[in-house]
Amino acid sequence: MKADRKAVERLIKTARGQLDGILKMIEEDRYCIDISNQISAAEQVLKKANREVLKAHMGSCVAEAIQQNGGEEKLNELFTTLDKLLK
Amino acid sequence: MKADRKAVERLIKTARGQLDGILKMIEEDRYCIDISNQISAAEQVLKKANREVLKAHMGSCVAEAIQQNGGEEKLNELFTTLDKLLK
Amino acid sequence: MKADRKAVERLIKTARGQLDGILKMIEEDRYCIDISNQISAAEQVLKKANREVLKAHMGSCVAEAIQQNGGEEKLNELFTTLDKLLK
Amino acid sequence: MKADRKAVERLIKTARGQLDGILKMIEEDRYCIDISNQISAAEQVLKKANREVLKAHMGSCVAEAIQQNGGEEKLNELFTTLDKLLK
(Lines give C-alpha, C1' and ligand atoms only; values in the text may rest on other atoms or scores of the structure.)
Protein backbone atom coordinates (compact mmCIF):
# COMPACT_ATOMS: atom_id res chain seq x y z
CA MET A 1 0.00 0.00 0.00
CA LYS A 2 1.28 3.42 -0.97
CA ALA A 3 -0.73 5.55 1.48
CA ASP A 4 0.82 6.85 4.68
CA ARG A 5 0.74 3.54 6.54
CA LYS A 6 0.64 5.03 10.02
CA ALA A 7 -2.21 7.40 9.14
CA VAL A 8 -4.39 4.67 7.60
CA GLU A 9 -3.64 2.29 10.47
CA ARG A 10 -4.65 4.99 12.92
CA LEU A 11 -7.97 5.53 11.15
CA ILE A 12 -8.76 1.81 11.00
CA LYS A 13 -7.89 1.46 14.69
CA THR A 14 -10.10 4.45 15.50
CA ALA A 15 -13.01 2.79 13.68
CA ARG A 16 -12.31 -0.49 15.48
CA GLY A 17 -12.46 1.34 18.80
CA GLN A 18 -15.78 2.86 17.75
CA LEU A 19 -17.15 -0.60 16.92
CA ASP A 20 -16.10 -1.85 20.38
CA GLY A 21 -17.97 1.13 21.82
CA ILE A 22 -21.04 0.29 19.73
CA LEU A 23 -21.03 -3.33 20.94
CA LYS A 24 -20.98 -2.02 24.49
CA MET A 25 -23.85 0.36 23.70
CA ILE A 26 -25.87 -2.55 22.30
CA GLU A 27 -25.17 -4.60 25.41
CA GLU A 28 -26.26 -1.70 27.62
CA ASP A 29 -29.45 -1.41 25.52
CA ARG A 30 -28.74 2.21 24.65
CA TYR A 31 -31.03 4.42 22.59
CA CYS A 32 -31.35 3.52 18.85
CA ILE A 33 -30.51 6.99 17.55
CA ASP A 34 -27.34 7.16 19.65
CA ILE A 35 -26.24 3.78 18.29
CA SER A 36 -27.08 4.84 14.74
CA ASN A 37 -25.05 8.03 15.16
CA GLN A 38 -22.05 6.04 16.38
CA ILE A 39 -22.30 3.63 13.45
CA SER A 40 -22.41 6.65 11.10
CA ALA A 41 -19.33 8.08 12.79
CA ALA A 42 -17.43 4.82 12.23
CA GLU A 43 -18.54 4.82 8.57
CA GLN A 44 -17.13 8.34 8.17
CA VAL A 45 -13.75 7.24 9.54
CA LEU A 46 -13.63 4.26 7.17
CA LYS A 47 -14.54 6.50 4.23
CA LYS A 48 -11.69 8.81 5.14
CA ALA A 49 -9.31 5.83 5.30
CA ASN A 50 -10.54 4.65 1.91
CA ARG A 51 -10.03 8.08 0.36
CA GLU A 52 -6.47 8.19 1.69
CA VAL A 53 -5.69 4.73 0.28
CA LEU A 54 -7.16 5.56 -3.14
CA LYS A 55 -5.53 8.96 -3.45
CA ALA A 56 -2.12 7.55 -2.56
CA HIS A 57 -2.70 4.77 -5.08
CA MET A 58 -3.47 7.28 -7.84
CA GLY A 59 -0.50 9.44 -6.94
CA SER A 60 1.93 6.49 -6.98
CA CYS A 61 0.94 3.15 -8.60
CA VAL A 62 -1.39 4.64 -11.22
CA ALA A 63 0.88 7.62 -11.98
CA GLU A 64 3.91 5.34 -12.39
CA ALA A 65 2.02 3.00 -14.71
CA ILE A 66 0.91 5.99 -16.80
CA GLN A 67 4.50 7.15 -17.12
CA GLN A 68 5.77 3.68 -17.97
CA ASN A 69 3.19 2.27 -20.34
CA GLY A 70 0.17 4.60 -20.52
CA GLY A 71 -1.37 2.95 -17.47
CA GLU A 72 -4.43 1.55 -19.22
CA GLU A 73 -4.65 -1.51 -17.01
CA LYS A 74 -4.20 0.42 -13.75
CA LEU A 75 -6.71 3.05 -14.84
CA ASN A 76 -9.33 0.43 -15.67
CA GLU A 77 -8.79 -1.24 -12.31
CA LEU A 78 -9.17 2.13 -10.58
CA PHE A 79 -12.31 2.92 -12.59
CA THR A 80 -13.90 -0.36 -11.50
CA THR A 81 -13.32 0.60 -7.86
CA LEU A 82 -14.52 4.19 -8.35
CA ASP A 83 -17.61 3.02 -10.25
CA LYS A 84 -18.67 1.09 -7.17
CA LEU A 85 -17.83 3.86 -4.70
CA LEU A 86 -19.53 6.60 -6.72
CA LYS A 87 -22.82 4.69 -7.06
CA MET B 1 -32.17 -0.35 21.04
CA LYS B 2 -35.21 -1.85 19.36
CA ALA B 3 -33.50 -3.67 16.47
CA ASP B 4 -32.84 -7.40 16.64
CA ARG B 5 -29.90 -7.16 19.03
CA LYS B 6 -28.23 -10.39 17.96
CA ALA B 7 -28.42 -9.45 14.28
CA VAL B 8 -26.91 -5.98 14.79
CA GLU B 9 -24.24 -7.35 17.11
CA ARG B 10 -23.34 -9.93 14.49
CA LEU B 11 -22.96 -7.25 11.81
CA ILE B 12 -20.81 -5.03 14.03
CA LYS B 13 -18.62 -8.01 14.95
CA THR B 14 -18.30 -8.92 11.27
CA ALA B 15 -17.13 -5.38 10.51
CA ARG B 16 -14.69 -5.52 13.43
CA GLY B 17 -13.26 -8.75 12.05
CA GLN B 18 -12.87 -7.07 8.66
CA LEU B 19 -10.99 -4.17 10.28
CA ASP B 20 -8.62 -6.65 11.96
CA GLY B 21 -8.06 -8.20 8.53
CA ILE B 22 -7.36 -4.76 7.04
CA LEU B 23 -4.80 -3.97 9.75
CA LYS B 24 -3.05 -7.24 8.89
CA MET B 25 -3.16 -6.35 5.17
CA ILE B 26 -1.57 -2.97 5.92
CA GLU B 27 1.17 -4.68 7.98
CA GLU B 28 1.84 -7.12 5.13
CA ASP B 29 2.03 -4.15 2.73
CA ARG B 30 -0.72 -5.52 0.53
CA TYR B 31 -1.93 -3.91 -2.71
CA CYS B 32 -3.83 -0.59 -2.32
CA ILE B 33 -6.87 -1.66 -4.34
CA ASP B 34 -7.28 -4.83 -2.28
CA ILE B 35 -7.17 -2.79 0.92
CA SER B 36 -9.62 -0.24 -0.50
CA ASN B 37 -12.03 -3.03 -1.48
CA GLN B 38 -11.88 -4.47 2.04
CA ILE B 39 -12.54 -1.06 3.59
CA SER B 40 -15.54 -0.68 1.25
CA ALA B 41 -16.81 -4.11 2.30
CA ALA B 42 -16.65 -3.09 5.98
CA GLU B 43 -18.50 0.16 5.17
CA GLN B 44 -21.27 -1.88 3.50
CA VAL B 45 -21.67 -4.03 6.62
CA LEU B 46 -21.90 -0.95 8.85
CA LYS B 47 -24.47 0.62 6.53
CA LYS B 48 -26.56 -2.52 6.75
CA ALA B 49 -26.31 -2.43 10.57
CA ASN B 50 -27.34 1.23 10.54
CA ARG B 51 -30.35 0.54 8.32
CA GLU B 52 -31.47 -2.24 10.67
CA VAL B 53 -31.16 0.03 13.70
CA LEU B 54 -33.06 2.87 12.04
CA LYS B 55 -35.85 0.73 10.62
CA ALA B 56 -36.44 -0.93 13.98
CA HIS B 57 -36.45 2.52 15.58
CA MET B 58 -39.12 3.75 13.16
CA GLY B 59 -41.21 0.62 13.60
CA SER B 60 -41.13 0.85 17.40
CA CYS B 61 -40.05 4.07 19.19
CA VAL B 62 -41.26 6.44 16.46
CA ALA B 63 -44.49 4.50 15.77
CA GLU B 64 -45.32 4.39 19.48
CA ALA B 65 -44.70 8.11 19.88
CA ILE B 66 -46.96 8.81 16.87
CA GLN B 67 -49.74 6.75 18.45
CA GLN B 68 -49.30 8.38 21.85
CA ASN B 69 -48.79 12.06 21.10
CA GLY B 70 -48.38 12.56 17.35
CA GLY B 71 -44.66 11.83 17.57
CA GLU B 72 -43.48 15.26 16.52
CA GLU B 73 -40.37 15.16 18.68
CA LYS B 74 -39.36 11.63 17.61
CA LEU B 75 -40.00 12.45 13.95
CA ASN B 76 -37.83 15.56 14.11
CA GLU B 77 -35.04 13.62 15.77
CA LEU B 78 -35.30 10.93 13.08
CA PHE B 79 -35.31 13.57 10.32
CA THR B 80 -32.09 15.09 11.68
CA THR B 81 -30.43 11.68 11.45
CA LEU B 82 -31.85 10.93 7.98
CA ASP B 83 -30.85 14.38 6.72
CA LYS B 84 -27.24 13.54 7.51
CA LEU B 85 -27.38 10.02 6.07
CA LEU B 86 -29.15 11.04 2.86
CA LYS B 87 -26.64 13.79 2.05
CA MET C 1 -47.59 14.31 -2.48
CA LYS C 2 -47.57 15.64 1.07
CA ALA C 3 -44.40 17.77 0.95
CA ASP C 4 -44.58 21.52 0.49
CA ARG C 5 -45.42 21.40 -3.21
CA LYS C 6 -44.01 24.81 -4.03
CA ALA C 7 -40.71 24.07 -2.27
CA VAL C 8 -40.19 20.73 -4.03
CA GLU C 9 -41.19 22.19 -7.39
CA ARG C 10 -38.69 24.98 -6.87
CA LEU C 11 -35.88 22.49 -6.14
CA ILE C 12 -36.71 20.36 -9.19
CA LYS C 13 -36.83 23.47 -11.38
CA THR C 14 -33.49 24.60 -9.96
CA ALA C 15 -31.97 21.23 -10.86
CA ARG C 16 -33.50 21.41 -14.33
CA GLY C 17 -31.94 24.84 -14.82
CA GLN C 18 -28.59 23.39 -13.73
CA LEU C 19 -28.93 20.60 -16.29
CA ASP C 20 -29.61 23.17 -19.02
CA GLY C 21 -26.44 24.96 -17.90
CA ILE C 22 -24.50 21.68 -18.03
CA LEU C 23 -25.69 20.97 -21.58
CA LYS C 24 -24.45 24.42 -22.56
CA MET C 25 -21.11 23.75 -20.85
CA ILE C 26 -20.76 20.48 -22.78
CA GLU C 27 -21.54 22.28 -26.05
CA GLU C 28 -18.92 24.94 -25.24
CA ASP C 29 -16.42 22.13 -24.50
CA ARG C 30 -15.81 23.39 -20.97
CA TYR C 31 -13.32 21.87 -18.55
CA CYS C 32 -14.19 18.38 -17.20
CA ILE C 33 -13.85 19.28 -13.53
CA ASP C 34 -16.16 22.28 -13.91
CA ILE C 35 -18.77 20.09 -15.56
CA SER C 36 -18.36 17.41 -12.87
CA ASN C 37 -18.81 20.02 -10.15
CA GLN C 38 -22.02 21.27 -11.77
CA ILE C 39 -23.38 17.74 -12.07
CA SER C 40 -22.59 17.23 -8.36
CA ALA C 41 -24.41 20.46 -7.52
CA ALA C 42 -27.52 19.25 -9.37
CA GLU C 43 -27.31 15.91 -7.53
CA GLN C 44 -27.26 17.77 -4.21
CA VAL C 45 -30.39 19.71 -5.12
CA LEU C 46 -32.22 16.50 -6.10
CA LYS C 47 -31.15 14.84 -2.86
CA LYS C 48 -32.57 17.76 -0.92
CA ALA C 49 -35.84 17.48 -2.85
CA ASN C 50 -35.94 13.74 -2.14
CA ARG C 51 -35.36 14.30 1.59
CA GLU C 52 -38.20 16.83 1.69
CA VAL C 53 -40.58 14.43 -0.08
CA LEU C 54 -39.68 11.52 2.21
CA LYS C 55 -39.83 13.49 5.44
CA ALA C 56 -43.25 14.91 4.55
CA HIS C 57 -44.37 11.40 3.65
CA MET C 58 -43.29 10.06 7.04
CA GLY C 59 -44.89 12.96 8.89
CA SER C 60 -48.22 12.53 7.09
CA CYS C 61 -49.06 9.31 5.15
CA VAL C 62 -46.93 7.01 7.33
CA ALA C 63 -47.92 8.69 10.60
CA GLU C 64 -51.63 8.53 9.69
CA ALA C 65 -51.38 4.85 8.76
CA ILE C 66 -49.64 4.13 12.08
CA GLN C 67 -52.47 5.86 13.95
CA GLN C 68 -55.17 4.09 11.96
CA ASN C 69 -53.93 0.52 11.63
CA GLY C 70 -50.37 0.24 12.92
CA GLY C 71 -48.99 1.28 9.55
CA GLU C 72 -47.21 -1.98 8.78
CA GLU C 73 -47.75 -1.72 5.04
CA LYS C 74 -46.67 1.93 4.82
CA LEU C 75 -43.63 1.27 6.99
CA ASN C 76 -42.52 -1.64 4.81
CA GLU C 77 -42.93 0.46 1.68
CA LEU C 78 -40.89 3.24 3.27
CA PHE C 79 -38.19 0.77 4.38
CA THR C 80 -37.85 -0.54 0.83
CA THR C 81 -37.21 3.02 -0.36
CA LEU C 82 -34.81 3.83 2.49
CA ASP C 83 -32.93 0.56 1.98
CA LYS C 84 -32.10 1.68 -1.53
CA LEU C 85 -31.20 5.24 -0.57
CA LEU C 86 -29.02 4.24 2.39
CA LYS C 87 -26.94 1.79 0.37
CA MET D 1 -14.53 18.00 -21.72
CA LYS D 2 -12.79 14.76 -22.59
CA ALA D 3 -15.66 12.31 -22.01
CA ASP D 4 -17.72 10.99 -24.91
CA ARG D 5 -19.72 14.16 -25.47
CA LYS D 6 -22.73 12.48 -27.04
CA ALA D 7 -22.98 9.92 -24.21
CA VAL D 8 -22.82 12.53 -21.44
CA GLU D 9 -25.27 14.81 -23.28
CA ARG D 10 -27.66 11.89 -23.63
CA LEU D 11 -27.51 11.16 -19.89
CA ILE D 12 -28.06 14.80 -18.93
CA LYS D 13 -31.01 15.02 -21.34
CA THR D 14 -32.43 11.81 -19.89
CA ALA D 15 -32.23 13.31 -16.39
CA ARG D 16 -33.83 16.51 -17.64
CA GLY D 17 -36.70 14.51 -19.11
CA GLN D 18 -37.10 12.76 -15.76
CA LEU D 19 -37.27 16.12 -13.99
CA ASP D 20 -40.01 17.27 -16.39
CA GLY D 21 -41.86 14.07 -15.54
CA ILE D 22 -41.43 14.74 -11.82
CA LEU D 23 -42.82 18.29 -12.18
CA LYS D 24 -45.86 16.78 -13.89
CA MET D 25 -46.21 14.20 -11.10
CA ILE D 26 -46.12 17.00 -8.51
CA GLU D 27 -48.77 18.94 -10.42
CA GLU D 28 -50.96 15.82 -10.59
CA ASP D 29 -50.48 15.36 -6.85
CA ARG D 30 -49.06 11.88 -7.28
CA TYR D 31 -48.04 9.58 -4.44
CA CYS D 32 -44.94 10.65 -2.42
CA ILE D 33 -43.10 7.36 -2.78
CA ASP D 34 -43.54 7.34 -6.56
CA ILE D 35 -42.14 10.88 -6.74
CA SER D 36 -39.25 9.94 -4.44
CA ASN D 37 -38.43 6.93 -6.62
CA GLN D 38 -38.38 9.11 -9.73
CA ILE D 39 -36.08 11.65 -8.05
CA SER D 40 -33.77 8.76 -7.07
CA ALA D 41 -33.77 7.52 -10.66
CA ALA D 42 -32.72 10.96 -11.91
CA GLU D 43 -29.95 11.07 -9.27
CA GLN D 44 -28.65 7.72 -10.54
CA VAL D 45 -28.48 9.03 -14.11
CA LEU D 46 -26.58 12.13 -12.99
CA LYS D 47 -24.16 10.00 -10.98
CA LYS D 48 -23.49 7.90 -14.06
CA ALA D 49 -22.86 11.06 -16.09
CA ASN D 50 -20.49 12.33 -13.40
CA ARG D 51 -18.56 9.05 -13.34
CA GLU D 52 -18.17 9.18 -17.13
CA VAL D 53 -16.87 12.76 -16.98
CA LEU D 54 -14.40 11.99 -14.20
CA LYS D 55 -13.08 8.77 -15.70
CA ALA D 56 -12.49 10.43 -19.06
CA HIS D 57 -10.77 13.29 -17.24
CA MET D 58 -8.41 10.88 -15.46
CA GLY D 59 -7.70 8.95 -18.65
CA SER D 60 -6.86 12.09 -20.62
CA CYS D 61 -6.14 15.43 -18.83
CA VAL D 62 -4.71 13.88 -15.67
CA ALA D 63 -2.76 11.16 -17.50
CA GLU D 64 -1.25 13.73 -19.90
CA ALA D 65 -0.24 16.00 -17.03
CA ILE D 66 1.40 13.04 -15.27
CA GLN D 67 3.39 12.23 -18.40
CA GLN D 68 4.40 15.84 -18.96
CA ASN D 69 5.24 17.14 -15.50
CA GLY D 70 4.25 14.58 -12.88
CA GLY D 71 0.69 15.90 -12.76
CA GLU D 72 0.78 17.12 -9.18
CA GLU D 73 -1.57 20.03 -9.82
CA LYS D 74 -4.09 17.97 -11.80
CA LEU D 75 -3.98 15.18 -9.20
CA ASN D 76 -4.65 17.60 -6.36
CA GLU D 77 -7.55 19.13 -8.24
CA LEU D 78 -8.97 15.66 -8.88
CA PHE D 79 -8.49 14.69 -5.22
CA THR D 80 -10.46 17.75 -4.10
CA THR D 81 -13.36 16.65 -6.31
CA LEU D 82 -13.14 12.99 -5.23
CA ASP D 83 -12.92 13.99 -1.56
CA LYS D 84 -16.31 15.65 -1.89
CA LEU D 85 -17.90 12.83 -3.90
CA LEU D 86 -16.60 10.06 -1.62
CA LYS D 87 -17.91 11.69 1.57
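Going in written order, the chains are labelled A, B, C and D, and every chain counts its residues from 1.
The rule we apply is simple: a residue touches a chain if its C-beta (ideal position, glycine included) is under 8 Å from a C-beta of that chain, and two chains touch if they have at least 3 such contacts.
Predicted model, so just to flag it, every value in this text is computed and none were measured.
Q: Turning subunit B onto subunit D with a C-alpha fit: angle in degrees, nearest 5?
A: The two chains, subunit B and subunit D, differ by a rotation of 180 degrees.
Q: By CA centroid distance, what chain is farthest from subunit D?
A: The most remote chain is B.
Q: Round to the nearest whole Å and give the separation of the Cα centres of subunit A and subunit C.
A: That pair's centroid distance is 27 Å.
Q: For subunit A and subunit B, what's the span in angstrom between their mean Cα positions?
A: Here subunit A and subunit B have centroids separated by 16 Å.
Q: Return the distance between the CA-based centres of subunit A and subunit D, expressed in whole Å.
A: 22
Q: Two or more other chains in contact with one residue: find those residues in subunit C.
A: Subunit C, residues with two or more chain partners: 47, 50, 54, 78, 85, 87.
Q: Could you draw the chains as nodes, link the ones that touch, and say if you get a line, ring, star, complete or other?
A: Ring.
Q: What are the touching chain pairs in this one?
A: Inter-chain contacts occur between A-B, A-D, B-C, C-D.
Q: Quick one: which bits of subunit B touch subunit A in the complex? Just the residue numbers, please.
A: Where subunit B meets subunit A, its residues are 1-3, 5, 8-9, 12-13, 15-16, 19-20, 22-23, 25-26, 29-33, 35-37, 39-40, 42-43, 46-47, 49-50, 53-54, 56-57, 61, 77-78, 81, 84-85.
Q: Show which residues of subunit B lie in contact with subunit C when the two form their complex.
A: 47, 50-51, 54-55, 58-59, 63, 66-67, 70-71, 75, 78-79, 82-83, 85-87
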